[in-house]
Structures are given as C-alpha cells and as structure tokens.
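Take a look at the structure set out below.
Letters A, B, C, D, E and F name the chains as they come in the text, with residue numbers starting at 1 for each one.
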Amino acid sequence: MGLDKDRRIGRHAILLLLSEDPLHQLSKLEKSNWKACLGKVGSMEAHKVVAAIETAAKKNQIIKTDVYRESHALYHAIIEALHGVTRGQVQLGSVHRTVGLTFAVLRGNPYENEHEGDWLAVSLYGTIGAPVKGSEHEAIGLGINHI
Amino acid sequence: MGLDKDRRIGRHAILLLLSEDPLHQLSKLEKSNWKACLGKVGSMEAHKVVAAIETAAKKNQIIKTDVYRESHALYHAIIEALHGVTRGQVQLGSVHRTVGLTFAVLRGNPYENEHEGDWLAVSLYGTIGAPVKGSEHEAIGLGINHI
Amino acid sequence: MGLDKDRRIGRHAILLLLSEDPLHQLSKLEKSNWKACLGKVGSMEAHKVVAAIETAAKKNQIIKTDVYRESHALYHAIIEALHGVTRGQVQLGSVHRTVGLTFAVLRGNPYENEHEGDWLAVSLYGTIGAPVKGSEHEAIGLGINHI
Amino acid sequence: MGLDKDRRIGRHAILLLLSEDPLHQLSKLEKSNWKACLGKVGSMEAHKVVAAIETAAKKNQIIKTDVYRESHALYHAIIEALHGVTRGQVQLGSVHRTVGLTFAVLRGNPYENEHEGDWLAVSLYGTIGAPVKGSEHEAIGLGINHI
Amino acid sequence: MGLDKDRRIGRHAILLLLSEDPLHQLSKLEKSNWKACLGKVGSMEAHKVVAAIETAAKKNQIIKTDVYRESHALYHAIIEALHGVTRGQVQLGSVHRTVGLTFAVLRGNPYENEHEGDWLAVSLYGTIGAPVKGSEHEAIGLGINHI
Amino acid sequence: MGLDKDRRIGRHAILLLLSEDPLHQLSKLEKSNWKACLGKVGSMEAHKVVAAIETAAKKNQIIKTDVYRESHALYHAIIEALHGVTRGQVQLGSVHRTVGLTFAVLRGNPYENEHEGDWLAVSLYGTIGAPVKGSEHEAIGLGINHI
C-alpha cells in the first residue's frame, strides 16, 4: 500500500496555486473532504511568511489552535516548503532578497491505508529576488508532514 | 518590466510534471518556442539524479554539450531543485532515504524584456522516503538560472 | 498548559544515556508508562546510524512497523538528533570522521494536556572524531517529534 | 589513550543542566578542578544567546577576557551547541521561534594525556518553539573545543 | 580546452585584494580587457555586504543595471563568496559577529574557448570576529558565475 | 592590539598557493619562523581531501601526531576551508562534482600579542566542476583556528 493516486496531497496543494481559477479548485478539494486554505504574503522577513501561513491555517480551522502537536506539524511543513523557495539558507532580507508568494495548506489522508490518518501539505509559489521590481524569478516549495 | 505572465518558465516546468498528459503538454510548449525535455530517475544517490538530468538535457539539445557555461547554468539549477526535494541536506542514501522522481528541463525567455535572453528551469516531482515500498511522501523542487 | 515537569521526554531520554545504570533507568521509565528502548551503534556512515535506531525502535515496538506516519515521525527525530552530533553537515565518513554512540528512543505524552497525545524523543550520546583511537570528543543530540 | 572516563567534560556539562540541584553539582565540579559556570537566557535572537554565554564565561573567569584565542574557542563551542538546539538553521526569531535555555560552560582536561591541556564544553538545555506559551518542546546542544 | 592559464579570473580577483598596490593592479587588469572594480565594506549585516558589492558593480558598469540576468549572476557570485567568509551559516550579526572586508568584482572570459563568453568573479578578503576590536581573524571568499 | 600586519597568516597561506614560485615563497616563510607545508590533491571524495591535508601536516611536523588537540584544530580549519570551495554543501562526488586543489598549512602567531600563541591557516586553491575535462571553474577556501 502507498499513496492513493487520486489523493496525492502535494500535487493537489501545488495545482491549487498554479490553477487559473484557484477558488473553484479550492471548493472542489473541499467537496472531496480535504480541509484547505489559500493565501498571499509578500515580505523580506521569513518569519512573516511563517506567521501568515500559521494564521491562515488557524483561522480557516485547518489546524486546531489549542493543540501544540498540530502547530508543530504545520511549523515543520512550512519550514520545509521554505527550503524549496530559498534553496540553501532559509533567509530573505538578511541576504538582501524578498519574496512575493501565494500559499496553500491542505489537510487529509493521501494514503490508501486509512490508519495513516491526516497529513498536511504546505505549498508555496511565487517570486524571489532583489528588492527591485522585475529583478526576480519564480520559486516553489512543498512541505509535507503527518499531523 | 518583469516576468511575462504567459511565459512563466517555472510554472510551465512544474505543470509539465503534474499534467495528466505530459507528452501533449511537452509538444505544446515546443510549439511556443520553448526547448523542453522530460525524464524519470529513481535513486538513493543524489549524483545519479544530477547525471540523469544532465544527460537528458544534452541528449535533447536543451543545452550545448561543448560550452561549459551552459553545463554550469544547468548544474546550479539542478542543485537548487534538489534543495526543494531534500529540504535541508542535499543527501539521499547517506541519510537513509531514496527518491523516485520525474523531471523536466525547460529553456527560453520568461521575461518581457528580450534582452533577458534564455533562462533554464529544472523541475522535480515525485516521492522521497525510506527504502521501503510505501514509506514515502511527495516532494517537489524548482531551480531557475540564466544561461 | 505546557510541558509536564515530571514528564519532560527529552530530559528523560538523555538521562537514560548518561545514567550509570541505564537498564534500571529504562525499567523505571517503562513503569511510568513510557515506551523506551536503548541501543549502541558505531559507524562512519550516517545511514547506518539511522537504520540502527529505526530497527531498534521497530523491534522494541516503540513504533508500529506498518504505519508510515510513525516511521516518518521517527525519521525526522533521528535526523534532528544527528544535527546535534554533527553540528553543521549531517555527514560522517564523507568528511573523514566516525561516531561511537549510544541511543535511546522514548515515546509518550510530555504535556499536561492529554490531547497532545504521543511524542517521540531520540537521544544520542557518545564520541565523534577522526578514525583514529583517542582522536575524538563527546557529542550529544536530541530530536523530538509528535507521532 | 583517550577520554578519562571520570572526566568526560560533555557529560558533566549536560548533567549540570539536568540536575535537580545544579548549584550543588557546580560546587562538586569546582572541587574536582573544573572551572564552571551556569546561566539562563531566553530570546528570539540567537546573538543574544551567544552574548549571554560569552558574558557569563568572562565574568566567571572561565576564559580570559584579553586573549582572543580563548574567546575564539568559546565562540565556536557556542555555535556548535546551538546546532543541536536549532537542528538545521542557526536561526530563532527570523524563522519565527524562540528559546528558553539554561546553559553551562565547563573548562578542564577530559583526556588521560595531560598534554591535551584545557578543553571547553558549552551545554544548552531548555525549550524551543513558537512565541506562544506552551507551544514548545525541549532541545539540547553541546559544543566542545580545545582552548 | 579549459581555463586559460593567464586569464584565471578567480586568481586575479584575489590577488587584486591581497596586492600591496591594488590600484596599480586594477589598472593592469583593465588594460588586459577585464572589467573590474574594488571596494570596502564593514558590517554586522550580511545584506549590507551584498548591497555594497551590487552598488559598486553597477556604478562601475561591471554589470548592466537594467538587465536582470546580470544582477542574478552577480547575486549568486556574492552569496557564494560569502560562504567562504562565513563557513557554515551566511549570517553575521544574527550570530554575534561582524566583518571588515575589501571586495573586488571582475568580469571577462577566463576560458580558451571564446564561446564561453563573460564570467564574473567576486572576491572577498578581510576579517571576521566578535564586535570587539582585535577579536577577529582573516577570512576569504570567492564566487564565480557565468553572465 | 590585533593582527600584526606583516604576519597575516591567512594572506600568507593564500599567496603561497597563488605564487609563481611557491617553493621559494615557502622557504621565505620558514625563515620568518612560520611552520608551513604545501601539497596537491584531486578527488571526488571530500574525505580524501581532508586526509591528504592531515597527512601532509603531520609528515611535515606542522602539527604533533600524538596530541589530539592539534588534530582537532587542524580538522576544523580544513572543514572551514572546504566551505569556501564547496559553497553550500561540503560534498563533492555525492553531488556529481570533483576538485583539483593545491593546499597549504601554515602555523604561527599572527597577532601582536604574544599570548595569542600559535594559530593554523589552511588554504585551498584550484578548480571545481563536473567530472569532465574543462568543465570547471576556480575555487578558494581558507580556514583559521587557534591551536
């Protein structure tokens, strides 16, 4: 047993960001019993990216506010997603660069085995570059964790 | 001036991997004047992932074989993409894990300004986990470089 | 609510390794409803350290063999513990050094709130150094994860 | 020749932090000719942790204030200990987390061979987590250097 | 074909910094068709080092201001050079240390094959240490990129 | 008090490698009471670079063979120098690249204050690149440690 082909949580989380109609995509995922949310954040400070995603996930009840294990699972998924965006040092302004990102958080069981329970995917897509308009290229990141 | 919305090289490179019909997607990209190739690699050794992508890019004439600057651009794009997949240490078997990946390499100018010339995107999508069937989750990576 | 002072899982996991009578300590922990195991591994290859801990945790039924989420939780706890031992690069022989370690894996709920459920602690203690007898100093590591 | 079993500097430095009576433990170590000090620091900024330990070590005459080689030895031992606490990036607030730590600095010769001279151990123990009460788990770190 | 022995761009970039008469050296390089500039920066913030080098390179027309690919090439060469100076974490003040650096940026083709086109070298030389006069040692870094 | 301008150990160690007549340079340094050695190593394995430098330093009596603190000082200086060469991951063949390096080890007191005692500098200069002739660029590294 392994990943359920139709429930690949990471693939869904990224397609949500790359979709031409993300809200429609979001409602389709919710109908398939995923908990999901979408958001945007632009910053030179990595901790603001972390905080924006945590706040959105809590506000949209993707994770429980009063259970630390859920925050802990989300935190590590966010940091892992930031590795894909930053590719070497999880740093933005301190190495003179900035990001403009959309993000998604998805929760559900991507495995055929129901005992695998819930997992979280955090996806990031947008641009990274110098703090100068147009001096940027795309970046993507995905973090996945059990919850 | 900045990224041309229709020519976001990273987005195209990832959608190519996540598409239900990658070969159709590939031929559409080639009609829009992108150079592109697709491939697969499964390994416990990061250097084999690097080599598989380099070989595919050269064989499909995405990069010139006899000009080091093109290999240099590709190499760094691959390593950056591997950061997204490995999230912390660019290591696989040496930390007891393995990957099964599809990859794409795309070449073209994603910017509105034609002086930006060609850029490369390397995208990776697949699974990472223990060397045990089913003990794995998804991973993604994207590296972008000027060429 | 926060950590239960008497049930600090990380502290217990480390004291187990530093104890003059580890087996007595281990049986005391088991009486307090912790699942726990102890082991030893010496190697120049980080993946052998990972494998030795995984094998011990499964054999001693600290984690379930057939549920990936449990292996996933353990894997990340092990890698985090290795960061403390390796301090910079999770590499041993590839940067010409070797380790001789004792390890413990502990499972239980360290929080006052019972909804926090089970957590895992992986502790490592021993020596790291050149592959020459006596050319080594001590090292320690601790990884903690929800499970 | 190698480490003197009774003078394992790292083990002593950690037990000092985990002891139920650290001051008694400290005075026992001082009687065995170790130079030692203890302290506490809570911060979202890694540089404040570094500074708190450096200040304590100088004030308690563990290292000489006017000889750079001693500060240099201590600095690297601190950064190594922080690797165990931070497990990946030596960053706190910049990745939206905070620590509450006790620390110890120990100085003496842990080896059987008296020509090994003095070594330093820096140990850290406490919690790391979100800047929210209770959203934290334990962390430990140990750095050892010749002086 | 490979590097032209007389046109080793990295070697020139470093000798420029270590020279007893850097301005004379600079004018010699310019006569051999290298574009080059020299500067100084002292800071506890890595992003100020990055910005100082970018500003100097643009002001001295080593790179074009309005083409992102040139800034992108320079940025990565700077970060690579900073790895040599920082040796582990590309961080300064956040881990309680400061730098006083001279830097050079050199542009030209170091290869025998003219199709290799222009490459950039960024060299850094100076001191790194505690924010206390005299508590520092030397550091060097070199980043090389195609442009 | 700080670094003695004429005794900048890092600058000497690098100029030794970049000199047109390294042996003459080496004998000049020895006349100024530096202990010094020079060597070459080409490898796809980082541990072979480490071992080559350690062997040369011991054979040339730059460090004492039977005192671990001297090996420990050298080891960390080597790894720091390798950070400059590898710029991100201290890995060579495992990320599909190889090096051809000259190295120097220098020992002496670079400070005005005689109480600073001996320090070590390890310098590396050469090329890094794909395991294909000509597909490489220059790299440099410097590690400095008290001994």
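The rule is simple: a residue touches a chain if its C-beta (ideal position, glycine included) is under 8 Å from a C-beta of that chain, and two chains touch if they have at least 3 such contacts.
The chain lineup, named per UniProt: A, B, C, D, E, F = Hut operon positive regulatory protein.
None of these values were measured; they are calculated from a predicted model.
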item	value
Shortest path length from subunit A to subunit E (each step joins two touching chains)	1
Touching both subunit A and subunit F (chains)	B, C, D, E
Relative orientation of copies subunit B and subunit E, as a Cα rotation angle in degrees, nearest 5	180
Centroid-based (C-alpha) most distant chain relative to subunit A	F
Centroid comparison with subunit E (C-alpha atoms), farthest chain	C
Pair joined by more contacting C-beta pairs (C-D or D-F)	C-D
Chain centre separation in whole Å, for subunit C relative to subunit B (CA means)	36
Averaged-CA centre spacing for the pair subunit B and subunit A, given as whole angstrom	20
For subunit B, residues that touch 2 or more chains besides their own	68, 72, 88-89, 91, 94, 111, 119, 134, 136-137
Touch relationships between chains, expressed as pairs	A-B, A-C, A-D, A-E, B-C, B-E, B-F, C-D, C-F, D-E, D-F, E-F
Partner subunit D, residues of subunit A touching it in the complex	45-47, 50-51, 54, 68, 71-72, 75, 79, 82, 89-91, 94
Touch list for subunit A against partner subunit C, complex	66-69, 72-73, 76, 111, 113, 115-117, 119, 145-147
Residues of subunit C defined as touching subunit F within the complex	88-89, 91, 93-97, 129-130, 132, 134-137
In the complex, subunit C residues that touch subunit D	1-3, 8-11, 14-15, 18, 80, 83-88, 110-111, 119, 121, 125, 127, 133-134, 136-144
